[in-house]
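Next up: some structures, all given as structure tokens.
Across the two complexes that follow, subunit A remains constant while its partner is subunit B and subsequently subunit C.
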Partner chain A sequence: MKTLAELQAIRDKARMQMKMRGDNREAVRVVVGMATCGISAGARPVLNAFVNEIEKRHLENVVVTQTGCIGMCQFEPIVEVMAPGKEKVTYAKVTADKVARIVAEHLVNGNPVMEYTIGNVMK
Partner chain B sequence: MARSHVLVCGGTGCTSSNSGLILEAFNKELEKQGLADEVKVVTTGCFGLCALGPVVIVYPEGSFYSSVKVEDVPEIVSEHLLKGRIVTRLLYQETVAEDQIKSLNETDFYKKQVRVALRNCGIINPERIDEYIAYDGYQALAKCLTEYTPEQVIQIVTDSGLRGRGGGGFPTGRKWALTAPNNAPQKYVVCNADEGDPGAFMDRSILEGDPHSVIEAMAIAGYAVGATKGYIYVRAEYPIAVKRLQIAIEQAREYGLLGKNLFNSGFDFDLEVRLGAGAFVCGEETALMTSIEGNRGEPRPRPPYPARKGLFGMPTVENNVETFANVPPIILNGPEWFSSMGTEKSKGTKVFALGGKIKHTGLVEIPMGTTLREIIEEIGGGIPNGKRFKAAQTGGPSGGCIPAELIDTPIDYDNLISIGCMMGSGGLIVMDEDTCMVDIAKFFLEFTVDESCGKCTPCRVGTKRLHEKLEKITSGNGTMQDLDELEQLCYYIKENSLCGLGQTAPNPVLSTLRFFKDEYIAHVRDKKCPAHVCKSLMSYEIIADKCRGCTACKRACPVNAISGEVKQPHVIDKSVCIKCGACIQKCKFDAIVIK
Partner chain C sequence: MSMLELSLYILDIAQNSISAGASIIEISVDEDTGSDLIIINISDNGCGMTEQQASRVDDPFYTTRTTRRVGLGIPLFRLAAEQAGGKLTVKSRPGRGTSVTASFVRSHVNCLPLGDISGTLAALIRLNPNLDFCYRQSLDGNSFSLDTKELRRVLDGVPLDNSEVVSWIAGYVNEQIELLSGEGNAKPGQNDLK
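Let's look at the complex of A and B:
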């Protein structure tokens, strides 16, 4: 180890992989429905796509987690995005292909992808 | 990248309740359910709540599972990790509120704690240097080597008010400042990890949970005093700590954080581990150095102090594990941050190992000045079985007792000394009404008699005589004159012993004499042990009015000391009775009493 920059590069990389540990109550939460209905509709690839996309973009302060069935099984995979102090946004029939756009537009820029939300999918 | 981390405690406490098997079971089950790529299983150091081990934490939810069994693993994997349904039944029940699950930091055990020395324990994988670096590891060393002169480093440590956490409480900055100006061909930094007080295990937990914090701090100390070589003297009875230390040292060398020319500053530093063979006296600094040199672990007279002539006759700075663990955050956050915690003369936090008659046995780190009441009643969860608090013992065989009437004493170095106690390394043993204070003093004396190295007479012979006197008192043969002689002998040993072991060995006797003299008098004059512990001083009797003659006690007695006809009151023959208590447990009518 010869320079501080070298050390900080290792730190930043390792920190990225460990950010989920600790108290994350202020973070934006991406919650994927992973009950039997969600899994059979393909929620697992969606969940992993979120994790990978968020890592690729080095987003701090975002936590990806799962939840059980919320009772609208026909719209699974359902993904909810909860930011502190903002209204919850619910996406329905999410596929792994849609994830990149949700991350880019919603998580990075703060604009929910309206056409994927449950209100529009139900129409 | 993993979407979830499963942290399994790999401290000694949880390891002894099979956390290793739980770790294996997680890996196997994740493999089986096809989640191995999505979920990462991590071994960590001690979380502190040892009473509820083995402990598993699942992130990002932060779910704290306690007393986990191998059989529970498939359920956690299929329910929580696959389907996202937290297994509430296995959660630490204090985190389960009516409609939500609380964060661990909101529970009574954790909310008053401030973790400085234990900052990474239970959070990082101690066997991976990257995880230490992720939490600003080695940043303090880099800062010292690239921004500060050695004098500035010493000044920062001095200003922080950090005092030795091994027991004595000597200001760390002053120790470094005394060593730095002494010129010599070689100087040394020594870490005292020979944690010997019965019931204390904070140093072990730090080495197991965060070994790099000690390594980093030793390199900082080396830079500050001009030493290029360090030794960690650790008990061979701590195999997990030794293994993780060695892994950590190798990884630090690989990363160039130990070795030559660190951070291009021209400063070299390297470390070696030395194993102690389990002698308590080797925790004394001069005995420890003698042992590292390869000789029999015996203390040597001071002066000369180690700062001038220590290891191999060279200037040496020696600090304890917990002291070192405090150094990197002090460098990074500044001395004002550290000195803002604690009391006037005792800054920062202190780790205590809670043990004895307390609900939450485990490891806690609290700001100096927290009262004993807060530690026992709030953090520790109180005394189990509705018993009354009697006293707390700190400082192990060198310390003393804090009686119930002083429960509101703020804990710091000077307050403890003023009541004849000692911080010690931080063992805190809680005692309830069933504890006999004379017996406790005898227990500690037995320990020091065994552990006295024998070099000086006051300690070798004096502690033996003390123990004999206590034996005489607890067996019911003591006289009031014995009590006076006991006290005199204590002062004689304190004044004339060569090292800290002998100088502090009488403390348990002096302290119990001071606060519980009535118990000593009861043993001597009334031939009674008020707590019913000393067997020679109690007898079992059957109250004839209450006895129904059911014969349950008679059948339970292993030595046939009880006689009597069915439906007639029974009698205990005291000359045969071995006072085992089996009859009391069997009696349904409360007819048997201890007198």
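Let's look at the complex of A and C:
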């Protein structure tokens, strides 16, 4: 049973961690398309997979946000990764099982997974 | 384009509320075996629509007949309801907010399952930790609710998008849904958060 006591414990632990962290690092942004086209193509599990994977690897300077329809509905779910000082990388037809690799290779090691980018998916 | 779970339509209709600048979004799912209906409501305090605008989004054919871009979200939700013997209504007042209600005949062959409601709530909260979501679900008069405003009081400054907080919320909602559907022994609401 989930109890309020449990939630309070989570709060106290989070407070300790917030104190230890400096949050002035420049963040990498992972942007998931969440318009009707994105959601119906499977954006929800992709979004939740990103958040879980980022958490599992304790990546603290990554933020996951949403955008609307960017006019390429047939390539949804679309995920854009924007790292400071680097060109935006757009992934197309992303599924939850592609997420672990994008996180490992791109977010952790800085190498975009070319195979999953929109340019390659369109071919 | 279609979706296989009612919870995905809920996520999509809530996106309209977010785009409308809402700060509070209330979602309810009421299921009643007596009347054989599922009623879903999504209400917000966003910018709202004039009567004229609201009547347009309610028309599923408006999209195809105009060159102006009109979205798919409401027409698709309406279609899902109508295909399951129900209907959809939009009530809106400019500057006040919008309320979208869809009904479904539970036993209808085309009535979609509710699906992963905790996944929908987790996605909404993760992406919008500064908005308040109030979710309520009932079955034959038994109900539970989850209100981020109340959680915020407990969390006292710790953000709602903290991953352990989101997992707690998803776990809580899943447990309460199980209790509602009678898979557990306890009654829902026994673990009332208020």
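We take it that the second predicted complex is superposed on the first by the 99 of 123 C-alpha atoms of A that agree within 3 Å, B and C clash if a C-alpha of one lies under 4 Å from a C-alpha of the other, contacts with A are read in each partner's own complex, and residues count from 1 in each chain.
Everything below uses one rule, namely that contacts are C-beta pairs under 8 Å (C-beta built on N, C-alpha and C of every residue); 3 or more make two chains touch, one makes a residue touch a chain.
Here the structure is a predicted model, which means the values were calculated and not measured.
A.B. asks: Of the two partner chains, subunit B (first) and subunit C (second), which one does A:R11 touch, if any: first, second, both, or neither?
C.D. replies: both
A.B. asks: On the A-aligned overlay, A:S40 touches which partner chain: subunit B = first, subunit C = second, or both, or neither?
C.D. replies: second
A.B. asks: In the superposed arrangement, which partner chain does A:T3 touch: subunit B (first), subunit C (second), both, or neither?
C.D. replies: Both: A:T3 reaches subunit B and subunit C.
A.B. asks: In the superposed arrangement, does subunit B or subunit C reach more residues of subunit A?
C.D. replies: So, of the two partners, B touches more residues of subunit A.
A.B. asks: Which of the two partners, first being subunit B and second being subunit C, lies in contact with A:K93: first, second, both, or neither?
C.D. replies: neither
A.B. asks: Would you sort A:T67 into first (subunit B), second (subunit C), both or neither based on which partner it touches?
C.D. replies: first
A.B. asks: Please write out, lowest number first, the residues of subunit A touched by both subunit B and subunit C across the two complexes.
C.D. replies: Touching subunit B in the first complex and subunit C in the second, residues 1-4, 7-8, 10-11, 13-15, 18, 34-36, 39, 44, 47-48, 51-52, 55, 64-66, 68 of subunit A appear in both lists.
A.B. asks: Help me check something: in the complex, which residues belonging to subunit B touch subunit A?
C.D. replies: Residues 1-5, 7, 38, 59-62, 82-85, 103, 105, 123-124, 130-131, 133-139, 142, 146, 255-257, 261-264 of subunit B touch subunit A in their complex.
A.B. asks: Over in the complex, which subunit C residues touch subunit A? Could you list them?
C.D. replies: Of all residues in subunit C, those touching subunit A are 1-3, 8, 11-12, 15, 19, 71-73, 76, 116, 119-120, 122-123, 126-127, 151, 154-158, 162-166, 168, 171-172, 175, 191, 193.
A.B. asks: Show me the residue ranges of subunit A that touch subunit B in the complex, using the header's touch definition.
C.D. replies: Those residues of subunit A that touch subunit B are 1-4, 7-8, 10-11, 13-15, 17-18, 20-25, 31-36, 39, 44, 47-48, 50-52, 55, 63-68.
A.B. asks: Under the definition above, what is the set of subunit A residues touching subunit C in their complex?
C.D. replies: 1-4, 6-8, 10-11, 13-15, 18, 34-37, 39-40, 44-45, 47-48, 51-52, 55, 64-66, 68, 73
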